[in-house]
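In the two complexes that follow, chain A is the common piece, with chain B as its partner first and chain C second.
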Partner chain A sequence: MKKVKFAVALGAAFIVLILLQMLLVPKYMLHSQEGALIGEYYDNAGSNDVIFIGDCEVYENFSPITLWEKYGITSYIRGSAQQTIWQSYYLLEETLRYETPKVVVFNVLSMKYDTPESTGSQSRREAYNRMTLDTMRWSSSKWNAIRASMTQEEKEKEALLTYIFPILRYHDRWSRLTREDLTYWFGRDTVSHNGYLMQAGIKPFQAAFQEPPLADYSFGENSWNYLEKMRCLCEKRGVQLVLIKAPSLSPVWWEQWDAQIEEYAKQHNLLYINMLDHQREIGLDWTTDTYDAGLHLNVYGAEKASAWLGKLLADKCHVPDRRDDETLAAAWSEKAARYYEQKRRLENEKN
Partner chain B sequence: MKKISLAALALWIIACLWGCGASDAPSKQDGFAFTYNAVQITPGAQAEAALEALGKPKSYTEEPSCAFDGMDKTYYYGSFYLSTYPLEGKDYVLRIWLADDSVATAEGIRIGSGQGEVEKAYGAACFNGSNAFVSTKGDTRLTVILEDGAVTTILYEAIVQ
Partner chain C sequence: MSFISYSFLLFAAILLVIYYSIPARGQWLLLLGASYCFYAQSGIENLVFILLTTASTYIAARLIYRAQAACDRKTAKRRSRIWLWLCLGIHFGLLALCKVRFTFQNVLLPMGISFYMFQSMGYVLDVYRGSIHPERNPFKLALFVSYFPQLVQGPISKYQELAPQLLGQRCYNGKQVSFGLQRMLWGYFKKLVIADRIAVAVLALKGPEHTGLAFLVLSCFYAIQIYGDFTGGIDIAIGLSEALGITLPENFVRPFFSKNIAEYWRRWHITLGRWMKEYVFYSVSVSAPMRRLSKSARKKWPKFGKRLPVYAATFATWFCTGIWHGITPNFLLWGMLNGLVIVISEELTPLYQKFHSRFPWKSKPWYGALEMLRMFLLMNLIRIVDLFPNVGECFRRLGTVFTPASVPFLELGLGVVDYGILICGCAVMLCVSILQEKKGSVRQLLWQRAGLRYAVVLGLLLAVLLMGSYGIGYDAGNFIYNQF
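And then the complex of A and B:
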């Protein structure tokens, strides 16, 4: 009888801990919605012909709805804030457990970061890590992604355990809980449109962003290693890897970086598209198509960029038009309705 | 024994909830600093006082960071750019980038200085073997880039932890 009581007490304590953890972790519903993106994939996995992988330059600059409506391309964006290339690799590895797309589009900006420390402040890096890793489902890919992503400071603090039990990381949020935490304690809304985070504001580009020259433009060994791993994984799984540089004006994409990617693509017979070179063809107008003065596109710019890239994916990569598939058409019609509803709402808020 | 286990578990939960986060404040160590019109600007230091002393910039740009509040800001003062980054509601000096030869480092190096002068000022050991002298002091870094034997870029940066 005592053993039963003990087991019940232990079980109850465990449930309390789980409930506390659910309450204390950030929800990313009203603020920093980027943190919700990775976890939203799992309900949409399985029928995507194109998977985008990368940082904010994918989840802000491309609209899967436009790809569907214009070309019948099914796609999902596995993007997250300041996603590093090692995270991209493990997200790709994980994605390929759920589906085998025809094309993976990888945005190459993250090649500039060779180590977690090279991305800037370690505390901010850790916060970015959480946004990508916390909502990933458990698998060897997540485990390896955590190990590759931890900053030196996290390693010194032996923070691995905090990724397994996030309550150890977020316990001190108890004094900063908000209504958002209570509202989304037991369930979250969907914030993205197949990984696309919509912005409808307009803040025109005004002046060229000034960044000082670099002492060394060579990408680091670690970055090259993960790009090569991505290429080999795609090759092994029969997936075409397409490298892009999305059309964002900042951070600066140096021509020396561009040349290195171009050379790599040439060596391995990959398609590499620097969309900054095609701004006119895309039809980008930096007075209306960006919500933050040129760093990212707003929905109007994202629709233009997607329309342009979609044609290329259909023509050059032979991604099929699925609009004749009734099941898919019905599912995408629902997604489109939600998309246009949000677009209208954001436009009304703006006016 | 079981009561002790449960008590230990309860204590652990309380400990978890009671703990406090680590401070993100930049460390304050001596480092490189750039001085302009008697205003000392130190990478990693709070920017407010320097910005006030420097007065109105010739131009200003700002960039939001992905997912976080606050802006990375760049102020242009004609002969140099000063960039800041936000942390806990305050702006800190990220970088000072000298733009013309009207300003110089404390050691007298300016745009156009020769490799020999840079070597004399900072030591040959700082040369990266190809085109730049990179020297760190405390939580700051000074980078001097040369092209065709002459300095083209001088950059003070905070090493952000």
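And then the complex of A and C:
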């Protein structure tokens, strides 16, 4: 009887803790939606010919719906806020467990960060780590991504355990819970369109961003290592790796950086496209195609950038047109309907 | 490895499982290995200090014992005394050196050095006094010196009460393990929910802009912080040890219920007080110079002369207690203030007795509460000297206590929710203390009511988990007494 009581108490405690954890973790449904992106992939895995990997410059600058509608390219964006190259590598490693795409498009901006500390303040980095890693499914890739991403403070506070039991990280959120937490306690909505986070606002680009010149433009050893690992992984799995620099005016993409990537691409026979050099061909109008004065594209800019890149992927990488596949066409038609509905809604809100 | 780290919890859990799984005769060796692993986590170089202490303690105790066996009593006494003083000199010299480097060069003290050195010296003194036989097996002595739950902040145990338990064989006892874990949980509650939360406000109130009433608030907040911090750490140590089947001596018995300073020091940091009483107070009060002083004083003042050696020994004891905490002037002052209040209280005893015979309020509950409040405030004022290495600054602030100034409670780094948690947390601590004072062990009371027990444990667990000041975003530090 004593043992039964103990087992019941233990079970009850376990259930309470699980429910509390579900309540306390951030939901990223209404605010900071970037945090929900990584976890949305798993329902869409398995049928993508192109996988985008990178930071906000991929999940805000490319629209898979446009790629589908214009070229029949199936794609997914595995992007997250300030995603570092080591996170990109492990996300790619994880993605290749679910599917083998024809092309992986990697945005090279994150090469500028060589260590977790170099990305900015530790608390900000930690918040970004959480947004990328918390919703990743458990695998050796997630484990390694966490270990590679932890800041000094996280290491000192043994935060590895808090990724396993997020309640230990978010234990004090009970005093800041909002209606969002209660609404999405037991289930989440889909906020992205195959990893694309739509923005419909317009804030024109006004003046060139001034960033002080750097003392040293060489990318760090760690960044090169992960790029090399990414290349080897793609080569091993027979996937074509395409390097891009997405069309964002800030942060500055220095010529010296560009030259290093170009050299690397040439050396390994990779396709590298700096889309900043093709702004006119893409048709970008920085008075209407950005929602934050040139940092990221809005939906109009993203559609233009995707249309341009899609042609290149179809022509140079021979990514097939799948529009004849009825099952895929039906699924993408549903996605497109949701996409346009949100676009309309955002436009209405704007007006 | 701090008690408030995840690795410690994992370490303790793994140890408990292995401890009760292996043959009982090997348990002490496991504890020795675990203690050294635990200590090595604080820095491999710190192992040098503990190994040196263990080796010299072992050798000194053996040499003293051998010297005492000499045929000639005088020679035996002389030789054993030489070994004793040599051993005390080496250890206290090393401790003093470490404290000097800590104070003036900011070199961290080897973890728990004050605690394990005092425990070891207590052992050597007991061997010298013939109270115990020295341990033959150096590894068994090593376990007594390094037993990890009490290594970092006590309690300071005596060899005769701890060694037999450490070297004995234990079987799994569900009730004992459960009691131990419950006590650990209670310790985490005090440390993480209360002490580390209020620590933020204490730090803010130390700022030079806070004078007047804020200084009194600081003294009260610091009292709560140090109580939660120190007793919390001790609860974790005693609780873990209890789960391992080893009973450590109590270090606190609800000290804020004390009605006078002597009682307070019988309830607060009991094992250090016991050590000081047995090895400093008694030694000083019966020493030859003190006997001479007493003799000459009695000739001049027959009544006071009798008490003079006791007072001198009291001051000597408090001087040592102050030094033990730190070699800065504030700790010396803190020690002397305690000694002074004890002596004044003793001298005023006849006056109190007259007062109580004239006004028979002593048995009234309200008078008892008043006495406790008086004691709480007095000890807060003495304790606040801890916080200010600059004694002049401390007195300057004290001088402003009666000047009008508001306390900006919401600008101290704590929000309304934090104050709510603190008030509730302190209320829970008070209720538990009252229950313990009136009915004894709360865990024992709950043991008969399984449902209530599970509810209390789950509630406490949730309180620690959800309201604890731990993890990213919190600056809560280590235990205050780890620095000694």
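In this section, the second predicted complex is superposed on the first by the 351 of 351 C-alpha atoms of A that agree within 3 Å, B and C clash if a C-alpha of one lies under 4 Å from a C-alpha of the other, contacts with A are read in each partner's own complex, and residues count from 1 in each chain.
One rule holds for everything that comes next: a residue touches a chain if its C-beta (ideal position, glycine included) is under 8 Å from a C-beta of that chain, and two chains touch if they have at least 3 such contacts.
As the structure is a prediction and not an experimental result, all values here were calculated from the model.
In the superposed model, A:A159 lies in contact with chain C only, and not with chain B. Comparing chain C and chain B on the residues of chain A they touch gives the larger count to B. Contacts of A:D216 after superposition: chain B is touched, whereas chain C is not reached.
Legend: residue contacts after superposition of the two complexes on their common chain; A:A13 is shown touching both chain B and chain C.
When both complexes are overlaid on chain A, the residue A:K2 reaches chain B and chain C alike.
Of the two partner chains, both chain B and chain C are touched by A:L168.
Of the two partner chains, neither chain B nor chain C is touched by A:T178. In the three-chain superposition model, chain A touches both chain B and chain C at residues 2, 9, 13, 16-17, 20, 123, 153, 167-168, 171-172, 174. Of all the residues in chain C, the ones that touch chain A in their complex are 5-7, 417, 450-451, 454, 458, 461-462, 465-468, 470-473. Contact residues on chain A toward chain B in their complex (touch as defined above): 2, 6, 9-10, 13, 16-17, 20, 32, 34-35, 55-56, 81-82, 120-124, 127-128, 131, 153, 167-168, 171-172, 174, 206-207, 209-210, 212-213, 215-216, 250, 292-293, 295.
On the chain A side of its complex with chain C, the touching residues are 2, 5, 9, 12-13, 16-17, 20, 123, 126, 153-154, 157-159, 161-162, 167-169, 171-172, 174-175.
Taken together, the chain B residues at the contact with chain A in this complex read 2, 5-6, 9-10, 13, 16-22, 24, 59, 61-68, 74, 76, 81, 85, 87, 95, 97, 128, 130-132, 134, 143, 145, 152-153, 155, 160-161.
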